[in-house]
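Consider the two complexes below, in which chain A is the common component and chain B and chain C are the respective partners.
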Partner chain A sequence: MNIFFYIAATVAITTTILAISRRNAIHALLNLILSLLSISVVLYLLDAQFIAALEVIIYAGAIMVLFIFVTMILNIGLENKQEKKWYNPRMWFVAAFFAGILFLDLILAVKNAQIQPVAAQVIHSKQVGISMFTTYLLAVEIAAVLLMAGIIGAFHLGSQEKKVMHRFLEKK
Partner chain B sequence: MLTVPLKILLLFAGTLFLLGLAGLLVRRNIIFMLMSIEIMLNSAGLVFIAAGRHWGQPDGQVMFIFILAVAAVEVSIGLALILQVYHHYKTLDVDAISKLRDHN
Partner chain C sequence: MTETDFLSLTPLLIITIAPVVIMLIISIYRKYEIIFGFSLVSLLTAFVSLFIVQPLLPHRIDHLMVFDLYSLFFLGIIFFSAFLIMLLSHDYFKHLEGFREEYFIILFTATLGASLLAVANHFIIFFLGFELLSISLYILIAFQKKKDYPLEAGIKYLILASVSSAFLLFGMALIYTALGTMGFQGIADAISKMGVASPILVIGFGMMMVGIGFKLALAPFHMWTSDVYQGAPAPVSGYIATVSKGGVMAVFIRFFFDIKGFSNQDFFIVISAIAIFSMFVGNLLAIRQQNLKRLLGYSSIANMGYLIIILLIGNNDGARAAIFYMLSYFVTVIGAFGVISLLSTKNREAEKIEDFKGLFWKRPWIAIVLTLSLLSLAGIPLTAGFIAKFYVIFEGVKSGLMLLVFSMIINSVIGLYYYIRVIAVMFSTGEETTKLPSLSIIGNVALTMISISILILGVYPGWLIDMIMKLVAL
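Here is the complex of A and B:
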C-alpha cells in the first residue's frame, strides 16, 4: 500500500516541477493537471475518498479547464519578453536557494517534532457531512456568501464595454 | 491501510508548497503565478487531510472543502482580472502593469 503513496508522491512532485518550469502555458497546465490527479491518488490512499473525488472533479475538472480556456482565449504563446530576460538559471538559482533554505527548515522542524502516534481510523464522509452542517454551519454560509461575491465579481470584471468601431479597424 | 508516517506526509506537502512558492517568485507571467498559488493552496489542503486522518477527526476534510471553495472563487476572479489586464495591456507580464508606480 505504501508503495502506491511513494509512486504518487514522486509523480506529483515531478509534474509540479515541470509545471512551474515550462515556458509554454498549455504544457505547464497539462503537467499541473497530472500533478493534481496524483495528489488525488494520495488523498484516496489517506482514506479521504470523497475529497479525492472532489479534487478530481473541481480542481482537475473545473478550475484547470477554466485555466485552459483562458489560455486558449488569450492565445498565449511565448511572447513574454520580460520573462524571457528573467527566465534564466540565475533567477532560478536565487529563488530555489531561498526555497531550499525554507525546505531545510521544514525538514528540521518535522524531524524534531514530537508526534504521538494515534490509532488512525477511517473517517467516513457521513461524519464529514454531519460536522460540516452542525459545527461548521456558519462557515458554510460564509463560503456561500463568498461564492456569491465571486460570481458577481467575475461577472462585473468579465463584462467589457461595448465598442462602436469594428474590431478589425481599431488600432492595436 | 496506508502506514506512511505523518512526517513523510508533511514533508511531501511542504515540498509541494515550496515548489509553488518558488514558481511564484520566479515566474513573471500572471497565469503561472496564479497556478503557483493553486499549488500552494492544494498542498495546504493536503496537510489538513493528513492531520485530520492522524487525529481521527473529520475537521480536516471539512477544511479541505472550504479551501476548495476559496480556490474556486479566487481562480474565477483572478482569471477575470487576467482577461481585463490582457485586454488593456496586451501582455500578461506583471512588470508591465506599473501605472501605480512612482517614476520620480
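Here is the complex of A and C:
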C-alpha cells in the first residue's frame, strides 16, 4: 500500500513541476494528464474510489483531451520569446522563497498536529449521490448557475463579429 | 426542501431566474432597452421581496444558508448598489458595438454570487458564491473585448483571483482536516471545545485570510486593485468596489463573529497589522495619482483598512459601525464611478484628472455630484462620509483601540489632500478641450438618487443607525 502511495506521489510532484516548466504547450499538457492520473491513484489508495474515478473521467479524460485537441488544432504549441524571458530566476526567486516558507510551515504543522483519520469508511458513489440530491441540492443548483455564467462569458468573449466582406477582400 | 425554505429563498430565486429569462428574451428579440428595463424591474422585485420574506425570519436551510435580519440587510445593500450601477451602465454600454445585452445577464450572476455570500453559513456556499462572483467579474472586466486595457485587466484579475480562490479552498480544506466540519456553527463549537488552536487550524485560517483579503483588496494582497480599476469599464469598477466587497464583507463579519476571532491574540495582531498597512499603502500610493480611477482604487484599499479595524472591537457596536461605514462608502463610491461612466464616450474613458478641468463651469450638476462624493470620501461634515468616520472613531475610542484610531486620523488627513486636489481641478478655469457627452434622463435619475442618499446619510443618519441597531445582532 505504502509503496504505491510513494510512487504515485513522486510521479504527481515531478509531472506537475514539468507541466509548469515546459515551454511546449503539448508537452506541458501531457505532463498535466499524467499528474492528474497519479493523483487519482493516491485518491484510490485513500479508499475514495468515487472521486478517483471522477478525476480520471472528468479531468484526465474530458477536459485535458479537449485542451490538447484545441491546442493541436490552433497550432499554438510553439515556444514564444516572452515566456522564455519569464523563466529567469529574477522573476520567480522571491515568490519561490515565500512559497518555501509556507511549505516549511505546513510541514511543521502536519508533524506537530495529532490528526485522527477523519473518515475510515469507504464512501460509495451512492452515498455521494444521495447527499448531492438531498443536503447539498442547493449547492448543486448554484454550481449550475456558475457554469451558465461561464458559458455566457465564453460566448461573449469568444464570439466573432459578423463579416460583411469576404476575408480575402479585406484590407490588411 | 420545505415550503418555508422556498419562500425565504424568494429574493435569491428572482435573481437566479432573471438571467435565464433575459437569455430567452435575447433569443427571441435582441433589444437593449427591453433587456435593460426587464433587469431593473427584476432587481426592484427582488428588493421588494425582502420585505415580504421578513416575517419568516430567522430561518435556516440545512445549515447551508441562514436567513436572518443581518443577511437580509446585506441583501438589501447588495441589491440597492447593483440597482444604482445598472442605472449608470445604461448610457455607458449603449454605444458599445456588438453584443452588449449579455452584460445584464452577467451582472445578475455576479449579484447572485454576492448575495450567496451574504446568506452563507457553510463553507460550500461560501466557496460557490465566491467563485460565482469571481467568474462573473472576469467577464464583466473584459467585457469590451476590443480594447487593450480591459483585456489586460481581465487576464490579471483571472490569474490573481484564481490564486486567491486556491488559497481560500486550501485553507478551508485544512480547517476541515483539523475540525471535521464545514458549517460555521460546527466550526465555532469545535474551536470553543478545543482550547489551544492546532497549527493546522492556524495555517488554515491564515490561508482563508489571504483569499478574503484579496477580494477586499487589503494591503499585502492589493496589487491587482489599481490596474483592474483602471482597465475595467467604469460601472464595473464601481461594482467591484461595492457589491463584490459588500458580499465578501458580509460573510467575513459573520464568520469572524461566529468563531470569535477577535478573542484570539494572533488573529487580533494579524488583522490590526493588515488594517494599518492597508491605510498607509492606499493613501500614500494615491497621493501622486493622475488617473481618477486608479486614485479611487487606492482609496478603496485605505477605506477597507478603516473598515476592518472596527471589527476588532468584537461586539455588536463594532459590527454596526462597520456596516454603517460600508453603506456610506458604497453610496459615495458609486457616485464617483457614476460620474466617470456618464462622462465617458464611446472611444474615450474620462479617467484622467485633467479631463475634469473646468467641469464645474461646463456641467455644474455633474461637478456638484462628484464634489459631493469626493468630500464624502474625505469625511467633510454634512456628507455621509463624515458621520461614518465619526461613528467608527467613536466606537474605536470607546473600546480603547488607540493605535488604530490614531493611524486612521493621520490617514484621513493624507486622504484629504488628494481628494481636494481633484475638486480644485474641477473648479479651475481652463480652455475647452474635450466635448462632453450629453446626460440622459436615466443618468440624471441615478445621480440624483446618489446625491440625495449621500446628503441624507450625512445630515439625518439617525433613522438608519436605529435600523442597523435593530437589525444587526450577531
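To be clear about the criterion, the second predicted complex is superposed on the first by the 147 of 172 C-alpha atoms of A that agree within 3 Å, B and C clash if a C-alpha of one lies under 4 Å from a C-alpha of the other, contacts with A are read in each partner's own complex, and residues count from 1 in each chain.
Here, a contact is a pair of C-beta atoms (placed from the backbone, for glycine too) under 8 Å apart; a residue touches a chain by one contact, two chains touch by 3 or more.
Please read all numbers here as calculations on a predicted model, not as lab measurements.
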First, second, both or neither for A:54, with chain B first and chain C second: first
Touching partner for A:7 - first (chain B), second (chain C), both, neither: neither
Partner chain(s) touched by A:145 [first = chain B, second = chain C, both, neither]: second
Chain B versus chain C as contact partner of A:72, first or second or both or neither: neither
First, second, both or neither for A:113, with chain B first and chain C second: both
Partner chain in contact with A:42 - chain B first, chain C second, else both or neither: first
First, second, both or neither for A:104, with chain B first and chain C second: neither
Touching both chain C and chain B, counted on chain A across the two superposed complexes: 106, 110, 113, 115, 118, 135-136, 139, 143, 146, 149-150, 153, 157
Partner chain A, residues of chain C touching it in the complex: 1, 16, 19-20, 23, 61-62, 64-65, 97-99, 102, 105-106, 109-110, 112, 116, 124-125, 128-129, 131-132, 135-136, 138-139, 142-143, 145, 176-178, 180, 198-200, 202-203
Chain B to chain A touching residues, read off their complex: 1-7, 9-12, 14-16, 18-23, 25-29, 31-32, 34-36, 38-39, 42, 46, 49-50, 52-59, 61-62, 64-66, 68-77, 79-84, 86-87, 90-93, 95-96
Complex contacts: residues of chain A adjacent to chain B: 1-2, 5-6, 9, 12-13, 16-17, 19-21, 25, 28-29, 32, 35-36, 39, 42-43, 45-48, 50-51, 54-55, 58-59, 62-63, 66-67, 70-71, 73-74, 76, 79-83, 86-87, 91-92, 95-96, 98-99, 102-103, 106-107, 110-111, 113, 115, 118-121, 123, 125, 127-128, 130-132, 135-136, 139, 143, 146-147, 149-151, 153-154, 157-158, 160, 172
Residue ranges of chain A in contact with chain C within the complex: 105-106, 108-110, 112-115, 118, 135-139, 141-143, 145-146, 148-150, 152-153, 155-157, 159, 161
